[in-house]
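These are the structures in question, set out in turn.
One chain, chain A, links the two complexes that follow: it is found with chain B in the first and with chain C in the second.
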Partner chain A sequence: MQLAFTIIALLILAGATAAVALRNLVHCVLCLAVAFVGVAALFLLLGAEFVGLAQIMVYVGAVAILMVFALLLTRNADLPATGPLVSKSWLTGVSIAALVFGCLAIGILASGVGQAAPPSPQLSVRQIGEELMRNYVLPLEVLGVLLTVSMIGAVVIAMTDPKPD
Partner chain B sequence: MTPWSTLLALAGDATGSWLAQLKNLATHPWVVNLVAMAVILGANAAFFAVITLLERKGLGRIQNRPGPNRAGPFGILQPAADGIKMITKEDIVPERADQLVHFLAPLVMLAPITLALAVLPYGPQLVAVNLDAGVLFFFAIGTAGELAAFMAGWSSRNKYSLLGAMRAIAQMISFELPLVLSTLVVIMMTGSMSLVEIVAGQGSAAWGLPGWNIFTPWGLAGFLIFLTAAAAESNRSPFDLPEGESEIIGGFMTEYSGFKYAVFFMAEYFGMFAVSGLGITLFLGGWHAPFPFLEWVPGIFWYVAKLVALVFGFIWIRGTLPRLRADQLMNFSWKFLMPLALLNFATAILWHATAGWQFPGAWLCRWLVCFGIVAGAFTGLGRAMLRRRQVGPRIYRYAS
Partner chain C sequence: MLTLNHFLLLSAALFSVGLAGVLARRNAIVVLVGIELMLNAANLNFLAFWRFSKNPEPLAGVMFALFSIAVAAAEAAVGLALVIAIYRHCRTTNLDQVDSLKG
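Our next item is the complex of A and B:
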């Protein structure tokens, strides 16, 4: 467990670091996909089978592919990026990141996770489905409507033809 | 406990009977998993060799020529000859290629597919991994193929490769929806995502027919949608646009040679076996025998028989149908298969809601009503699509 966690954590960290440090944007996306797979492996390690598989399906199967398409359709991805790797406002960025990390750490420490280590319930897919369809059916429907609206919006933006003259 | 400590304990403990120790070792999880992996890989690789020969022979028969007949009697040594040729060929990598990504792409293509093969139930006891969310695992792991196609196409620095990769990704994304939707109907009616339980739910025979899902109207429609989408997902003809040899040379595989090309080829066939195996598990009763009096035959025999039949169907289609055009492919997926798959949902719900009908002939009545809905939609949609056919010059709005 400890060894597996170490390996997965190192994989995520390496992937995420490479995703921001590499010069070639396509390499960055591929490294980000590695980090996504690592997060999914972490979920699987914790026994959250459904969440882990959904993570692979959504992030590797959809988000990474979307990024790749966006890269290839918007700019010439083969051109090496120029300019400094570290931006001038790095101090602001680091302080904001530290602030967010601090807030999350305080929240997690205050929640009492890790002190008592309660037995994690083994949720089957059936239970997750029943929860989604009974207790959380309204948020689910609202999310569905939101996604549909955003998709229609994207199509409308893409469909505006220049006036023929 | 690692296998090394087991081995050490085995060597150190000289008093116990070695048979008991052998049994201990043989049931150790590491040993069991290693054996399962070796069997899945070996059996599928051997099957791959047999199927390539069957495909070349079958295509030859359809095209009125003998097919391979030089290596060994009737050409049965052809797969071995192919293998030796592939291994001994020079591995050429383009000078401008992205070396690492170019090297990794075949592996990223093949590895997830072998993982997907592990969750299929091949027989009553022949299940390597019985996951609670087996179907979800199958599709989640399959999405890595899109990334692999992109890696291969982009890293080759070749226009044809990139075009092929783009075609492959667009096709895989489009046909994944009808594929998953036709699968969801089975999950809904069985009430489980575990492939083992889905097979177990198709065991009971009634009315002289086996209890397979294909003998219900939603199962029949679902199976046909599944088969069409599966052919597209595994890049089989008539959906082989990503590698259409006459248009874009070899698609994302253009710049691959030697063993890397063989790995891509193998991944394609493994993908076909995996998706056919999923179809067998979901719709054709898995390893169940067609009739109760044939239950004494081992389940693996029925599984392989159904697999060969499905793969032969794919070969037959490849020898018969011409390739689709890219826009026809997209229209076919989004305007024809998607509405049909959604309507199939409604049919399944109707089937479920009318399960309580008691009057004589209720089963036949339900069957005919549900089948009428699906078949009517199929005919209507097909006719409507044909009527909207454009015969004039086509206008490319975004690609000009």
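Our next item is the complex of A and C:
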């Protein structure tokens, strides 16, 4: 379990670092998909199989593909990818991120929450579905409204072209 | 022996990588990539705390992560639509050049 965690953690961190550091944007999105698959594997390791499968379907199947499409729609074919990769204030940004990680790590290590896991809870998809239809039915409906609104909003924002050329 | 600390540290590292991408990169789509990484770190934290707690309510963590994934999907769709709209308007996704409020 420790070995599996180490391998998956290295995969996630390598994929995430490549996703924000590579110059070719298509490679960035593909590395992002690798990081998503790693996170899904960690969800499986944690005993949340349904969330892991949902993660693969939503993130790898939808979000990464959506990003590739957005990338192709916004690509400047006449401008080659030259120029600096990072913004003018990149040093500040990276320092802030390192500082945040330092603070979080100190907090985590000082908090003393590193207990071992209790026995794994057994969850079936049937249980999750019944719970969604009973206790969580109102959040589920609100979520349906949210997804509909965001879908309509995304179509409206992306499709209106004030200056047809 | 895996403890909660391992997952929390990995999640903090993933969050920091995403934050560095958001703050340092010039391309708007890579900024969205960084935001997705940060959301994934949050989901990982939800499930790690669920797994390593005493589980007074056995399904709460799973439900939280599922709803969080769905909201993140809605966010990604709207964010990418905004990037496409900005590209239509400014002909660039370079955030250093998209700096005027009235263009």
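To be clear about the criterion, the second predicted complex is superposed on the first by the 118 of 165 C-alpha atoms of A that agree within 3 Å, B and C clash if a C-alpha of one lies under 4 Å from a C-alpha of the other, contacts with A are read in each partner's own complex, and residues count from 1 in each chain.
Here, a contact is a pair of C-beta atoms (placed from the backbone, for glycine too) under 8 Å apart; a residue touches a chain by one contact, two chains touch by 3 or more.
Remember, it's a predicted structure, so these values are computed and weren't measured experimentally.
Participant: Check the residue A:26 against both partner chains and state whether it touches chain B (first), chain C (second), both, or neither.
Facilitator: Once the two structures are laid over each other on A, A:26 reaches chain B alone.
Participant: For A:50, is the partner it touches chain B (first), chain C (second), both, or none of the two (neither)?
Facilitator: Both chain B and chain C are touched by A:50.
Participant: If we overlay the two complexes on their shared chain A, which of chain B and chain C does A:61 touch? Say first, second, both or neither.
Facilitator: Touch status of A:61: first partner only.
Participant: Between chain B and chain C, point out the one touching more chain A residues.
Facilitator: C
Participant: Just to be sure I read the superposition right, which of the two partners does A:70 touch: chain B = first, chain C = second, or both, or neither?
Facilitator: Only chain C; A:70 stays clear of chain B.
Participant: Answer with first, second, both or neither: which of chain B and chain C does A:100 touch in the superposed model?
Facilitator: After superposing on A, A:100 lies in contact with chain C but is clear of chain B.
Participant: Counting only touches as set out at the top, which of chain B and chain C does A:85 meet: first, second, both, neither?
Facilitator: After superposing on A, A:85 lies in contact with chain C but is clear of chain B.
Participant: Looking at the overlay, does A:138 come into contact with chain B only (first), chain C only (second), both, or neither?
Facilitator: neither
Participant: Just checking: does A:39 make contact with chain B only, chain C only, both, or neither of them? Give me first, second, both or neither.
Facilitator: The answer is second: A:39 touches chain C but not chain B.
Participant: Based on the superposed arrangement, let me know which partner A:126 touches: chain B (first), chain C (second), both, or neither?
Facilitator: first
Participant: Let me check the overlay on chain A: which residues of chain A are in contact with chain B and also with chain C?
Facilitator: Chain A residues touching both partners: 50, 54, 62, 69, 161.
Participant: Quick check: in the complex, which residue numbers of chain C touch chain A?
Facilitator: Residue list for chain C touching chain A: 1-10, 12-27, 29-30, 32-34, 36-37, 40, 43-44, 47-48, 50-55, 58-59, 61-63, 65-67, 69-78, 80-85, 87-88, 91-93, 95-96.
Participant: Across the complex, what residues on chain A touch chain B?
Facilitator: Counting only chain A, the residues touching chain B are 26-27, 30, 33, 49-50, 53-54, 56-57, 60-62, 64-65, 68-69, 72, 77-78, 124-126, 161.
Participant: Under the touch definition given earlier, write down the residues of chain B that touch chain A in their complex.
Facilitator: On the chain B side, the touching residues are 101, 131-133, 136-137, 139-141, 143-144, 146-147, 150-151, 154, 157, 162, 166, 169, 173, 191-193, 397.
Participant: Considering only the defined contacts, which chain A positions touch chain C in the complex?
Facilitator: Residue positions touching the partner: 1-2, 5, 9, 12-13, 16-17, 19-21, 25, 28-29, 32, 35-36, 39, 42-43, 46-48, 50-51, 54-55, 58-59, 62-63, 66-67, 69-71, 73-74, 76, 84-90, 92-94, 96-98, 100-101, 104-105, 108-109, 113-118, 120-121, 123, 127-128, 131-132, 136, 139, 143, 146-147, 150-151, 153-155, 157-158, 160-161, 163.
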